[in-house]
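As written, the chain order gives the labels A, B, C and D, with residue 1 at the start of each chain.
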Amino acid sequence: MNVAVVGATGYIGDTLVKLLAGHPKANLKVVTSRSKSGQAVSKVIPALRGVLDDLNFDLSDPETLAARDDIDCFFLAVPHGTATEYARPLVDAGKKVFDVSADYRTSSAEKYEEFYGPHPDPDLLKEAQYVLPEITPEGWQSKSIFALPGCYPTSIIPPLYPLLQAGVIGKEHIVVNSVSGASGAGRKVHEDFIYCEVTENAKSYSIPKHRHLSEIEEQLGHAGRGDVVIQFNPHLVPMKRGIATTITVPAGNSSLDELYDCWRSAYSNRPFIYVLDSSERPQTSATIGTNRLDIAAVKDERTGNFVIMSAEDNLMKGAAGQGIQIMNLWQGWDEATGL
Amino acid sequence: MNVAVVGATGYIGDTLVKLLAGHPKANLKVVTSRSKSGQAVSKVIPALRGVLDDLNFDLSDPETLAARDDIDCFFLAVPHGTATEYARPLVDAGKKVFDVSADYRTSSAEKYEEFYGPHPDPDLLKEAQYVLPEITPEGWQSKSIFALPGCYPTSIIPPLYPLLQAGVIGKEHIVVNSVSGASGAGRKVHEDFIYCEVTENAKSYSIPKHRHLSEIEEQLGHAGRGDVVIQFNPHLVPMKRGIATTITVPAGNSSLDELYDCWRSAYSNRPFIYVLDSSERPQTSATIGTNRLDIAAVKDERTGNFVIMSAEDNLMKGAAGQGIQIMNLWQGWDEATGL
Amino acid sequence: MNVAVVGATGYIGDTLVKLLAGHPKANLKVVTSRSKSGQAVSKVIPALRGVLDDLNFDLSDPETLAARDDIDCFFLAVPHGTATEYARPLVDAGKKVFDVSADYRTSSAEKYEEFYGPHPDPDLLKEAQYVLPEITPEGWQSKSIFALPGCYPTSIIPPLYPLLQAGVIGKEHIVVNSVSGASGAGRKVHEDFIYCEVTENAKSYSIPKHRHLSEIEEQLGHAGRGDVVIQFNPHLVPMKRGIATTITVPAGNSSLDELYDCWRSAYSNRPFIYVLDSSERPQTSATIGTNRLDIAAVKDERTGNFVIMSAEDNLMKGAAGQGIQIMNLWQGWDEATGL
Amino acid sequence: MNVAVVGATGYIGDTLVKLLAGHPKANLKVVTSRSKSGQAVSKVIPALRGVLDDLNFDLSDPETLAARDDIDCFFLAVPHGTATEYARPLVDAGKKVFDVSADYRTSSAEKYEEFYGPHPDPDLLKEAQYVLPEITPEGWQSKSIFALPGCYPTSIIPPLYPLLQAGVIGKEHIVVNSVSGASGAGRKVHEDFIYCEVTENAKSYSIPKHRHLSEIEEQLGHAGRGDVVIQFNPHLVPMKRGIATTITVPAGNSSLDELYDCWRSAYSNRPFIYVLDSSERPQTSATIGTNRLDIAAVKDERTGNFVIMSAEDNLMKGAAGQGIQIMNLWQGWDEATGL
């Protein structure tokens, strides 16, 4: 199967390119970039030196890409708003679109607008499906656009979803704190992200209404307990990659065993959600370069809360790795192929 | 006034030594260390090269120190449990003790035992006073032992205390998440703290019952709302210094203006608790090398919570700097002298 | 082919385990550790969670390992001095030994003693061969022990060797400066390597006689210009992985083109020594996770020197990756298999 | 004495502002910035919160500044090329100019042009004096413009100058390798300096002709051995602040004692050049926040070279701190005042 990556110079884009270059069943055919067009991919992404030296960045416009008969599957690693420019002609041409941006993560244009501004192409929302592979019910494969979850949501939704669904926890007083490395902001050339400003610094940001709340709350709302509103406090810390999330939620009458039984039942046969013992702590370094989300929980008998912790590589399970996992599942391959 | 620092080779101890070496009113007379005894202080603490080249580490035992007529004031920068070995003879000799350890932070031996194990000298607790200068009521100067607050508590108690006292917030559902640099663990030679394990890694630890909860909850309990139990989730992130704390607490009927009025009334004349605008975000890098705690808050209209954020240098306002501040206040000097 | 890794809890050892766990032709059968014996490998090396969950650390002694009929190939990732304890019985039993330590890197016990102290088993030196795959002449495969080069030597020997051999450079006034990340010291639990001491710090060390000079100078001596003595200045900088080396050597009458021709002739068909354009700069981040050594050079017309630069991942091409490459070549597989 | 800082939002500028805010004899009167004009200085430079809350950034043009009767002394912390726009009117108005830029570091416009392009105001060069306080001969105080040395030169010239002057070393085969933190590039918003590109990365750059060679070689040329040409290899490593320099130079017939005697004779009464024992190693972390340059040397008996090592804080002794030191000396104050 031939694949294209559109916008391959960001951190998610270049991770997709690296993964696809080593994928045993997908063939990376086209890699586009506005800024690097004409250059060898291996000049810009040094991990590919000696591996993929004969592919150059392409500057194809959406229509030209849509007209390629030899390519079925397009990863869009471009900013929200821009993704639509590619998605529309590709979908019209019958292609499958894997979208890294936020453009198709919410099912409603109103919710999108509340968090991102007016949706550039609301009609296309019905062709799209948010796919968090361990959560999203079967049947998603038939849609044209697969919206890849954001990095924070991937660390937050899987530990909570089955617990809400099973009633092990309620939906009140859910407090989520996350810390993220700087690549979560992409290859952003802004004073706030230069080395001297990020190193030896920790701070919260986007409080109280980070954009990822739109997809987190929509997905958690599907668990059957009604609308969910959570407190989400993201932080930037001096790392390149990695998200660690810590969630506090009242345990009510539930025991830690019930929580773990629920998780094990949901995830024991899924390779990429890994349930640690309650005595172990997820840590980002354990996940870097892998497609795993590690999760663990304790019950705090003093406060009556569960404290749920997770860790992931934001560029892998939180973005590009999950995209490959979704491609594998869509094709009916083992979900771990090439990961 | 002549001063001694006992145990000056840890990160808090060497910060105390640097601050005292530059203090215009205190004279650093004795610096002790078991491991570095006999060596020049400036060989071990390079910031003192050319500044304090003629002082050597001393190996005096507690009794010898207590017998020094020329020294009134002793900073103990030794581990909990060990502090008592020095505190007892020093107090008996009529000296003032500034204790960095946890030995005198709780007023009750039972509470100490719950978090740290049996207290080594409970009788001495009545001679001691926990001093968080902006919170602790006047009168503490007469005690023999001043217990310096822990690094996390200094970032947590000041933003909450006046709000609890004034009823701007209640005591239920207080969730505190903090991230700390590695110096919070001291100069700890353990595999978990070697560079390769800490860099590019974020993780929670000591959940659910970090030892600092003992002093946090005791102090917040003095605010007049009865016993306080909080959720406290500490994290280690790849920094040398700095703590950033984010607190979620239901706002009830209170407005953000009420919160800010309460803070300004409490802290407007105190140089070391700095109230940022609600649109600003405390960040640890802004506080490194200073004795400031920066605080800010927002109200999340979606969840009905206040989100309160603070940042400090854990070795300064969170430890050594606050110790100097307390010394200054005890002596009746400007609290910012030498800071 | 079944393989064992002895001493798998250091940074080189765990990298070997990860590589072998994913190698398509080698089967990782035994992994030993004194400190982690009995524990699941995937508990200690989290990259293997979900990948290799059924293998436990073993505590086999050298004789037991030597008696295993099912294993042909042993990687020794133990400190120098200890390697010999395993090498002797394994060689006697006809096994192939891949030794990460320094025990068999020099051909002479005298040279070893000069840099490391008395050699623990000099008789075994004649069974051993130093293997830097792109340099070492064919025929090494018949030896019993393959001594893997050190991390620094791998960044220094390949750029210099063909130039010396071809007479493009002479052997006088060769000055080598290298900077290394902290994993070069292994998983060393020592105060000098805790996070707070390494971060935001750069320093030279082991000047003037770093132990790796023994193998660097022996190998360069084989280039046919007589004994070679170089200046080698290593430095520690705040990174986990990576070595960047900068070499100054008088160009004499040679041109930059001659240098590049020599390199291209030596390495154009070798996947793991990658010759960059003279305008490009090797950087460690470009090599992390790969088995590549990137090299480039400029001629400084002002000084008449060549400045030669290289970069590698010290745990990959500088250690474990090169070990796998050697195993592949020994077996007659493509040298990039599993890399 | 009233002082102004022009261009105070770069890393050198803000360090100057912090130092001047705490200086006991200088009064910081004006702080200018094009981008932050009108904002409170303490909003932009958080170290000044609570310290200097009533000073705002100013947008004065050069002529307005020159007309200020109340200010005698101007620090220019603007890029090269721009400094001249301020220097000309200030000098014409009889002010003293402390220039952080490169505009007046070379005495010849031709040398400047070779490294920086055409000099914007060559006539002014004769009013200027390069001041490296421990090297520059007395008499410099009468000039109008004091050119502050660059960060690398400050780490390179002092260890070499007295040795060249005394004939302890010759001028041939001097090889200088330096590693620098990212603040050496200033607050540069460029993709190469974003956190994710700098962290976990080491690389050389500006080889073979870094601009600082112009001042290094001019100053070393004053040592009396004729024109000096050196090999200079700078590197960027993942730190915020700090430069570590390692110099290789043939020892000839000189002994290490002769080298140390020469250094001690030159620097024993200077507080900011600190001669370490030959067994000690300069390290950047030991100098951060101080105005010290630490130096040490060994003799490599194998190669016949001296290896000379130095470390400094590039923003202090390498820039702003040295500027304050020069101001102190010019005023006849103790050179360590406020440092």
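By definition in this document, a contact is a pair of C-beta atoms (placed from the backbone, for glycine too) under 8 Å apart; a residue touches a chain by one contact, two chains touch by 3 or more.
Every value quoted in this text rests on a predicted model; they were computed, and no experiment measured them.
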Hopping only between chains that touch, the fewest steps from chain A to chain C number 1
Greatest centre-to-centre gap (Cα means) from chain B is with chain C
CA centroids of chain A and chain B: separation to the nearest Å works out as 39
Chain centres from averaged Cα atoms put chain B and chain C apart, in whole Å, by 46
Rounded to the nearest Å, the gap separating the Cα centres of chain B and chain D is 37
Check: chain A positions touching at least 2 other chains come out as 181, 197, 199-200, 238-240
The chain D residues in contact with chain A across the complex are 11, 181-183, 187-191, 193-200, 238-240
Interface with chain A, chain B side, in the complex: residues 173, 175, 177, 179, 181, 197, 200-205, 207-209, 213, 229-231, 233, 235, 237-244, 246, 248, 281-285, 288, 298-303, 305, 307, 309, 311
Per the touch rule above, chain D residues touching chain B in the complex are 46-47, 49-50, 199-200, 271-272, 274, 283, 285-287, 289-290, 292, 294
